[in-house]
Structure formats: C-alpha cells, structure tokens
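So that we are looking at the same thing, I have put the structure below in structure tokens.
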C-alpha cells in the first residue's frame, strides 16, 4: 500500500547522505595513499603518537571537567525551576533563549568581556584598583566556553525528568516517613538519573568534538582533537589521517555512551 | 450458496508465522445480526478486518453478493466499520466527521446536510453537528462513529467491540439501541465481541471462535443449549464440564453414578464431555444411591444463590433459590434433558 | 525566607552568566566606536550601515534562503518518511530509526567531513548546492522526530477508518493524517529552520566557492575582529526570534517542543 512507500525517498536520502559518508570516513580511516591506495592501520596508529594523543586526552579531560561543572550548576537550578510550576514555560524560556543567538557571536562576546588588556571585566577591576585576571588563551577559558555554550543542554533534560516526577510519589515518600534529605537521596535522585544521563551525553559530546571554542577562547594556542581533525581537512589536506582521527573520536564517543547506558539501562527519560 | 450476502471460503491468515485464522468458512445472510465471539487472540477481529478489506487473507476467498472481493481495497467496498476506539477524526467537528464519506463521494452539499441530519437523528444526537469531538462523552463519540458509518448506507456494518470502552450501564443501553437500529435499517451487522452475554442478547447468529477456528455457529439458543464442545460450553454462560462415559444410549456414568440422559448415537463405553448448567443442578437431601457431596460455599447473588458443592472430586457450581449451610451434605440430581453430552475433543 | 532568597540569588547568577555575553553584544551594537574595548557614545549607525555591507547582506541572504529551502524540503521528506516509518513492520522501523538517529547523535564535525568527502567523491563543487544538501540532511531527522509522536497519538485505526469511508490512501493522508499531525509538522519545520540558521560546523565543511552563511562570515571575521554591523544584525535577529518564540508559545494548542 501507498503508505509503505512514503518513507522510500527518505531511505534513499539517508543511504546517500548519511550511510555513505560514514562509510567513506571508515574507508579513508583505514587506508593510506602511498602511490596507490591500500588498506593500512598506520594512520590509526599515528593517532596515538604523543602529539596527537595528548590532544585527545586533553579533549577528554576538558570535556569531562565541563560536563561536571555543568552538572553541578544545572542540577540545583533544575530543582529550583521545578518548584516554579506556575511559571514553567516562562522560566524555561529564559534559560533556553540564549541558544537562539549565534553561538560564535556569544562565544566571541566572552572575549570582549574577558580580554586581558581591554576586556570589560578587567577595565572594571582596574578602575577599582583590584588585580586583573588573565584567562583568555588558557584552558580555563576553553572550559568556560564549553560550560557556557552547553549548560542549557544539561538544564533541560534534568528539568524535564524532575518536572515529570509524580507529586504523589513525593508525598508518598513523606507519608512513609522520609525526611527531606532521604526523600532527595532515595526518591528524587534515582528518578532523575535518566535526565542526568542524557544531559551528560548532550554536554560531553559537543564538548569533546568542538574546534571553535579552543580557537576563539584559547587564542588558537591549545589544540583539541576537533582542531586536529579540522586541520587535516582544511589545512594539510590529509584526509586519510583526518578520517583516522575521526574514527578514534567516534570510538571514544561510542565507549562513553556505552558506559553511560550501563548506568541507566532503561534509557527512557530525558529529551533528545 | 444462495441467499448469502458475505461468504468466507477457507480463509487462512498468519502474522509473523503465527497462524491466526485456520481455514475458516462462514456464510452471512442478508439482514442477519452475526456476532463473532471468542477470547482475545481467537481471530475474530482478523476475520472482521478481512471482511472490511484491511487485511488480505493468505489463502481462501471472500465473496460479496457471490462476487469475489478478496483483493478489493476497503474504499471500494460497500461495507463500513465502527472501530473499537471509534477512530473519529479529532480535527473535524461532528458534522464533518459524519459527512466525510459523503464528501469523498462528492455528493451535493444539500444532500449531505440531509443525510447527516438523518444519521444524527437516528443515533439520538440531533443538533450536535457543530460540536467538537473532544467535547463529546465516550457514549456520544460511540454514536457519532455509528452515524459516520451508516450514513454511507452500507450493505454491511462491521462493529469491532464497539461497546468495549463504555461503562456497564451505557453498554446495556447501547446493546438495546444497536439491536433496534439494525432492525430499523434492515442492514446486515457483523459484530465482534468477547462478551458472551452481549453476543447472546443482540445476535441472531453467534459464531464462537477459538484458536483461529470456528467452534460453532448458530442461534443464541442453540449455542447455549446445545454446545458442540467443551470450549463453547465453557465460554458461553457458566457451566460444569465433567468427564463421563456413555454406558449405552441415553445413559451416562458420572463419578460412578448412572444418569439418564436424552443423547443417543455414542459408542458403548465412549468417553465424553458432559455439560451441566449451574441452574440445572437440583440439590436434594442426601440420598443413598445418588451422587452426594458437601457444600463448600454459598454466596447470595441477588436473584439466586451461588452454591459450590464438592462431589465426586469436582467442585460443582449450582444456581438455585435456596440457601445451604456450608458443610452440610447434599445429593445431586439432574433432569435427563439438562444433561448435554459432547464428543471429547 | 533566607532559603527562597538564596534560590533567587542562584537563579540570578546563572541568568547573568547566560546573558552577560548577549547583553555585551547588544550594548556594543549601539557603541559609536569600532573598538570592542571602549564605550564612545550611543549610535544607530551600525544598524543603518549593515545593509550597505555586501558581505553581510549576501551571507544573510544565503543563510535565510538555505534555511528556508532546507526546512521546506526536510519537512516534506521527513513528514512522509515519518508516516511511512509509523506504518512499517517493527523490525524494519527499528533499523530506519537507528539510521535516523545517526546524524543526531553523530558529532557535527563527523557529519560535516563525511558529507564533504561525499560531495568531493561525486564531483559536486562545494557551494550553494552542497550546503543545501547538507542542511536538508541534518534537518530531516528532526522533522521525523517531531512528527512521529503525533502519529503515535492518532486514535488507532484512523487510517483504516478513512479508507473504510471511501477515501483512497492518498486522500486519507492528505485529508486526515496530515491535518491531524500538523502541529508536529510545524514544529519540525521551525526546528529545521532554526537549526539551519544556527549551524556552523557542518556548513563550514560543506561550503565553498564564496558561498557564506552568517555563521561562516562571523567565523571568518573572528580572525580580524567582528564588525559592529554583525552585532547590530544579530541583535535584530535575536529580537526577531524572541518575538517569534513568544508568538509560537502563545498559539492555541501550543506545544513547546522548541523548548523541550
């Protein structure tokens, strides 16, 4: 019947524009071109050379730190937001709205605020005769950029699960003699795990792959894995190695998602 | 066969290698109220969907007025369906829902108006045409679904457990109304339900199905009084089903006690299933030669008492108008015509 | 009382953190100096000037036209795909949905370079067409994800009911299914439009030949310093989206998928 065929254009589209590109990355990743194209794991090995491997570890480290900071900021915020049931839409609106401003500009605006010499913050500090801060070009600036850009992705899913907890369940917890703390530890926290998990995924993933934030806020002095990949395609035109690096990155992401799935086998709650 | 409006011939259907319908054949006469009755998963809904054209059988043919319609899509069949959860279109109001089929047929606007009014009147929802679907109660939605189907003047109306979502009181009212409607319209109804009481109340023909096979088809009285096997007996009404042995014509042995019955033609010493309805069991003071047991429970049910008696190693259910003391001894007696003998399956 | 004050303070701090750059940007769009450092008086000249800067006008044009076409095409393909997927056999639906989630879960950089490799393989010159194809590709899954829940909410047998009443499958889709899932379709369209507007990474790898979206223009400018006209333009776009979002969330039978 007709309806069975409705998805056909999409399936063709997905094969051409989703499956084939991924297959190409895979093929490029495990081949080299030394006169003739042949299968080789040489480039995959090269990704573990100290220069590249350090960037990889650095990416994981920064992404991890940012994710943790986001979680620490977002969880209490989501809890507070949940209490404001009457103003729900408005409150959420306020915390998501920044995402609709071009993220490059928003990130760049931090330069204006934080620049060492004539940044807004340092100007104020100098005016008050306080010591100035130097953050642009340091790892802290990159982490700040990550936290800033991806914080809403942590707030939303956690808020979503928290606001869906049946109020009767919370009353039942009190009814059964739980204190506020016990209720939080034994009821709210476990129920919110799916949201936390998807929040972690949604912050960690873009953080580990970004190449724009280090470029802007790290003054291009600190390379993350994303920068290395970008350089292979845009500067050195070494697609084979670029694809190998991407494969390594994808494997790391798959592993981390696997670990997360283990924590929460149900994988139900949370927004995308 | 002549005179049959719909004929299913040797229909089989499987889903994912599971046989849902196993070579069923069925004749539906004009103006009949046929009920397909059976437990869930028996194949009754699939049978209905094959008649409606929503499924194609793997094997066998469907005839409509003696013409094969097996492959005909639903929109080319003069058959309409009332779906289980009504399947009303929520973005249309009552009028547009009912007019949907007529508009597809490109009927003239004034005719549509007339017909919708007629249909609404028929289901007692006059002046409701501008209402939103969400504003209607379950019972009203039910009526709209019926109106939406009958307004197309189908020769056959299929109803898939249409009363399933209604509460008991409303169900009873709607059963009566549907029966009236069928009489009034003079069209054939094929009705699917798992509720045996509903089937007996409404239908002129009951088709009992189980495991993809038609167990028995006949009038409600016949199905109730002369079940062909233990499944039908058990499914229709409440009954005591007992294993027995035919000692000779008109004589059956139950728990080593002989009972006179009216059935003939079984082999001597053939093992049979015996059905005895709870209201047909007579309880007497203990008598020496009779099957005797102990009352284990006696529950007041309003019109009657439901008494349970442990006799011959079986728990019997008995409906009568007298209360019995739990633990007292009683003897069991059954009139010959109330003993129904069936072949063992 | 102290507790509620603390909560407000906490919300306020996060709020300041999230809005500080935006406020900075908006403030500097009225600054009468090219410098990002000093405030030299109020002006509206950047708002007037931006329409005279050919690079900005051109990238605004590309951004909008690509977002519009990509959203329309993705909505069409995605809506039909969602209907098809909804009525598929379970195992096949599982496979198709896994493929659908690939671009959503894949890092943008991987999607970007994958598409770039493909376009070079098929000899499609990087530029407008490649950019458009890339945008459609990453938008379709979001349309499907927005529409599928609406299909799941349909009363069972809706499709059959329409066929039963004499509608052909095509009439059924057009007159019954599409109107009923229209909120999901609208959400999918708006989601696609905003995602396309906002995309940088995938565009970065799949464009060329001087075709630049605003994101790419901004990225290029970050190396030499952002022109104040861009701040002005972004302020306008931000205000426009703010108004749009408020309107969407006010519409009757709203669904706040854009916010969820």
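By written order: A, B and C. Residues from 1 in each chain.
Assume contacts are C-beta pairs under 8 Å (C-beta built on N, C-alpha and C of every residue); 3 or more make two chains touch, one makes a residue touch a chain.
Since we're looking at a predicted model, the values are computed, not measured.
The leading chain pair by number of C-beta pairs in contact is A-C. Closest to the protein's overall CA centre, chain by chain, comes C. Distances between chain centres, each the mean of the C-alpha atoms, put A farthest from chain B. Chain A and chain B have centres, each the mean of its CA atoms, that are 59 Å apart. Chain C has its Cα centroid 18 Å from the Cα centroid of chain A. Centre to centre, using the average C-alpha position, chain B and chain C are separated by 55 Å.
Shown for chain C are the residues in touch with two or more other chains, namely 169.
Within the complex formed with chain B, the residues of chain C that make contact are 155-158, 160-169, 171, 175-176, 179-180, 182. Across the interface of their complex, chain C is touched by residues 49, 52-54, 73-75, 79-81, 83-91, 100-101, 104-105, 148-149, 152 of chain B.
Interface of chain C with chain A (complex): residues 7, 10-11, 14-15, 17-22, 24-25, 28, 35-38, 77-78, 80-85, 87-88, 96, 99-100, 102-111, 113-118, 121, 133-134, 136-137, 140, 144-145, 159, 169-170, 173, 194, 198, 200-201, 205, 214-215, 218-219, 222, 226, 230-231, 234, 237-238, 241-242, 245, 249, 256, 259-260.
Interface residues of chain A facing chain C in the complex, by the touch rule stated above, are 1-11, 13-14, 16-22, 24-25, 28, 73, 76-77, 80-81, 83, 89, 92-113, 115, 117-120, 123, 148, 151-152, 156, 160, 205-206, 208-209, 211-212, 215-216, 226, 229-230, 233-234, 239, 242-243, 246, 249-250, 253, 257, 271-272.
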